Amino acid sequence: MNRKRSTMTDSTDTARLLITCDDQPGIVAAVAGLMARVGANIISLDQHSTDAEGGKFFQRTVFHIEGFGERRPEIEQMIAELAAPFGMEWSLHDASQRKRVAIFVSQYDHCLLDLLWRVQRGDLDIDIVCVVSNHTALEQSVANFGVPFVHIPSTDKAAMEAKQLDLLAGAVDLVVLARYMQILSDDFIQKVGAPVINIHHSFLPAFIGANPYARAKERGVKLIGATAHYATADLDEGPIIEQDVTRVTHAESALELQRRGQDVERLVLARAVRWHAEDRVIVHGRSTVIL
Amino acid sequence: MNRKRSTMTDSTDTARLLITCDDQPGIVAAVAGLMARVGANIISLDQHSTDAEGGKFFQRTVFHIEGFGERRPEIEQMIAELAAPFGMEWSLHDASQRKRVAIFVSQYDHCLLDLLWRVQRGDLDIDIVCVVSNHTALEQSVANFGVPFVHIPSTDKAAMEAKQLDLLAGAVDLVVLARYMQILSDDFIQKVGAPVINIHHSFLPAFIGANPYARAKERGVKLIGATAHYATADLDEGPIIEQDVTRVTHAESALELQRRGQDVERLVLARAVRWHAEDRVIVHGRSTVIL
Amino acid sequence: MNRKRSTMTDSTDTARLLITCDDQPGIVAAVAGLMARVGANIISLDQHSTDAEGGKFFQRTVFHIEGFGERRPEIEQMIAELAAPFGMEWSLHDASQRKRVAIFVSQYDHCLLDLLWRVQRGDLDIDIVCVVSNHTALEQSVANFGVPFVHIPSTDKAAMEAKQLDLLAGAVDLVVLARYMQILSDDFIQKVGAPVINIHHSFLPAFIGANPYARAKERGVKLIGATAHYATADLDEGPIIEQDVTRVTHAESALELQRRGQDVERLVLARAVRWHAEDRVIVHGRSTVIL
Amino acid sequence: MNRKRSTMTDSTDTARLLITCDDQPGIVAAVAGLMARVGANIISLDQHSTDAEGGKFFQRTVFHIEGFGERRPEIEQMIAELAAPFGMEWSLHDASQRKRVAIFVSQYDHCLLDLLWRVQRGDLDIDIVCVVSNHTALEQSVANFGVPFVHIPSTDKAAMEAKQLDLLAGAVDLVVLARYMQILSDDFIQKVGAPVINIHHSFLPAFIGANPYARAKERGVKLIGATAHYATADLDEGPIIEQDVTRVTHAESALELQRRGQDVERLVLARAVRWHAEDRVIVHGRSTVIL
């Protein structure tokens, strides 16, 4: 029962339009008018302005239209014409096309297994096309899910990244770092051609760097957290997608803090990946808007 | 500094339009088109559909228009014409007009003082026109805030409610029950002519009735909560506006559970009143949509 | 790395003593004195009194003693002598003996997989001796973990329970109902000879019965929760071990409420099982003390 | 009703003993034996060891003994003798003696009023002996509670601190910085002769320094928090007593983040002051143990 269940209402002929521009009168009316002209039904429309005056404007519009696949070029043309005078950045996504995702891991399995399990039971609408690791420890775990596991050792970092880029070229829409313990080079991030989501094992900005649980223990923090963010060249400084915390006390050892933290990590990462998969996340400078 | 600060951007010439109707194509475009025709600038637009097909549709539109006060009749006329074919229920609110609020209390002061204090420091844009109590215990506390305190004893319930209705007739836009220990009659709720928000001292639906903290203690609950909801004839069954909880353990006494619960109560009630004051809450059957 | 890691400090020669009695002077001194006499080192000692006067007293003492296995009869004899005048109920547990656990499931896999995974990676010190189900849907998932799966159909409830009791007789220290959709008979609970932990898919006491997510949606609740409790003859009324909640809004569908709720369910159940496995939970009437 | 209620069980003849030492066998038995010898009844006993072997040991023992006031010198003598061979640090507190507290503020009133209000209604067992401010803005608010307000301008920092030290010398058991916007000198902290609790307006360690809400907004954090800690010479680096967070989204303005944060600040500070007042907090290096 739980294997075959779909979590989505039928997404055929459904599209999502994301737009960003300077706030100005008439944007909502213009988009809604376009939808009416092409005969689309708006399923949901969410927007956000950073300021009442002179701010940035963000909008996510989900709409249904018969024969979206065939009519897509025509609709894109109309959007482009509408977007130009407003100075809009925009992107159009077909809700029926699941994003192709590569997961990078090292030796921790908690975030990886959580994602694999959610996809398997039909709770997360992505296709995990491969798991890439610099270790072999998790090969069997991944095999149980019928997903390809690719071992690329980290002995030579430049060679490793070159192989990874080869593997991913044109094949993925998203890379998820599920506690991947290697630092990506700026070069990799620029060349990979897809957004990269990382899960950081602390409530950023805090305890950046190695061994945050030991340092949290030493400092006596009362809450342990995790942060999912887009990876940028400036490590751990990318736009935050989701965060959460759990309460701890002095009675927990550093190992127990880690265990509690890992439970937070996998939930936070799963939520971030889900929102990205549903085209809900728009990056705004160093922060995000979740619509 | 904290007394005079306004928490709002200037609300002059700003209005909020709430609409509810059966979901159908063209609603967003119709409203956005109307805004464009009258020269209004949409500041924010939030909507919700209960279902992709055949559901209910809810929308809150905040817009700015020069001379809203004078143009209001004209705009209302246009909205009425637009609303009719869609079968919309709608209401239009002037953001510059603070809602007039009566607070009902008995002997607990925590929720009352929290609301008085937030209004005094400019954090909550309502006008508290009077505090009504069946006791005199809190008279001095209220006097410190320069708010009228009206004592109406509960010896004769019918007489008490008649006096309350007299006092409030046409004078208030909202009644807040800030731990008011009398049960309102159906008759009162129908006649008072304004929505009534109640704070319930448990995480509804749970432990309805007297002494929830003792019962929570007896049952060993690990979380203590509170629920703010609109009062309806069916006590504690009205649409929920906001809820929250706090973690407790066996080590807390029933008195300490109460104390922890009261901290939750005042935050939950303050959030519910704020959202109502900002015309964010639309009732949908037994639930609410917060836009 | 994560497969072989032990989460415990070495538990050889370590024991846990749980006591319950009427509160009275001298209990702590008596127990601590006994520990000193036998040469045990107290690792931790936690206690709780329900009232300063006339209440119940609970204590959990963890101690280390060379050759605990051999000396156990002698120590039990001394505890029995100490306990009698105080009217103590007590139990002594060998920390090095992992509890044998049977997990009952139907078709939902989220709680089951979470427990299997925690045991596999060394994060939960129990032995899962078998998974019992009235369905076959989860057979392969369990096989991946190398744990026996026993299918006992529910066509004849009395026959099913008889087979279950046969299977478990003397073989388990704990039964975990990991979203098992059959109601246990009073007779089963009395005969099974081990405590039974159930995970309830709501924040008890609330929405007892079928389909709590749909009912939560209808009522507009703002927090979705789960409750782990000992199963008693009075369904869903057993002592609460752990609870938690997560925040939701009107925008979540009933299916999404369920999905969010399932994430809470597996964390809450895992915590409850862990605390039980560590002999931290003492039942007190309808509630629990977690030491 | 709410003004006169006492939140404590009778604390006459009740004392609290805090001890810290290297972990070693026999500590609990030694303390419990001493209690038995002097005829004291242990009300509660909580302890914590940082490690099973070679760690630090902390214990809080609450006990009742007839005529504690008169017998105190005798009991202190016995504790001193017991403590010496164990190398214990210890302190003994009379539960019936409310701590004398000075509150330092600048212009924000939320933490100050929350503490004044809790004491007034009998929910917090401290005596607020004075409020010290470098501004006059809150003079009337404090006067409403019948508490002395002392204005000491900050024009000359050395002179200001000298006056503050004069005022507090021997008169207070605790100083609370309730959003006091001046940095205390190391000299002040050394000379004040009482612990100092500060409330920091972020989830430490994070966004240390000015304007954390604007920086949190810029970075897109999803949780806003506050931290109560003991003030040390190293600003914001003192041992953490309590922390909490609240969930926020991109839709909240920086002002709304501040408002949400202030609600967290006052709850966190109130909890920290309560635990300190109940002698529950033992400092351990840069962290705390809360017993």
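A, B, C and D label the chains in the order they appear, each numbered from 1.
Basically, a contact is a pair of C-beta atoms (placed from the backbone, for glycine too) under 8 Å apart; a residue touches a chain by one contact, two chains touch by 3 or more.
None of these values were measured; they are calculated from a predicted model.
Student: Walk from chain A over to chain C along touching chains and report the minimum step count.
Tutor: When the steps are counted carefully, the minimum from chain A to chain C is 1.
Student: More contacting C-beta pairs: B-D or A-D?
Tutor: Result of the comparison of A-D and B-D: A-D.
Student: From the centre of chain D, which chain's CA centre is farthest?
Tutor: Result for max centroid distance from chain D is chain A.
Student: Report the inter-centroid distance (CA atoms only) between chain B and chain D in whole Å.
Tutor: Going by mean C-alpha positions, chain B sits 36 Å from chain D.
Student: List the centre-to-centre spacing of chain A and chain D in whole Å, with centres computed as mean CA coordinates.
Tutor: 42
Student: Taking each residue of chain B in turn, which ones touch at least two of the other chains?
Tutor: Where chain B meets two or more other chains at a single residue, that happens at 48.
Student: Going by the contact rule at the top, pick out the chain C residues touching chain D in the complex.
Tutor: 9, 25-29, 32-33, 35-36, 40-49, 52, 64, 247
Student: If you look only at chain C, which of its residues touch chain B in the complex?
Tutor: Touching chain B: residues 48, 203-207, 217-223, 225, 239-240, 242-245, 249-251, 284-290 of chain C.
Student: List the residues on chain B that touch chain D in their complex, please.
Tutor: 1-3, 7, 107-110, 113, 117, 121, 123, 137, 144, 255-256, 259, 263, 267
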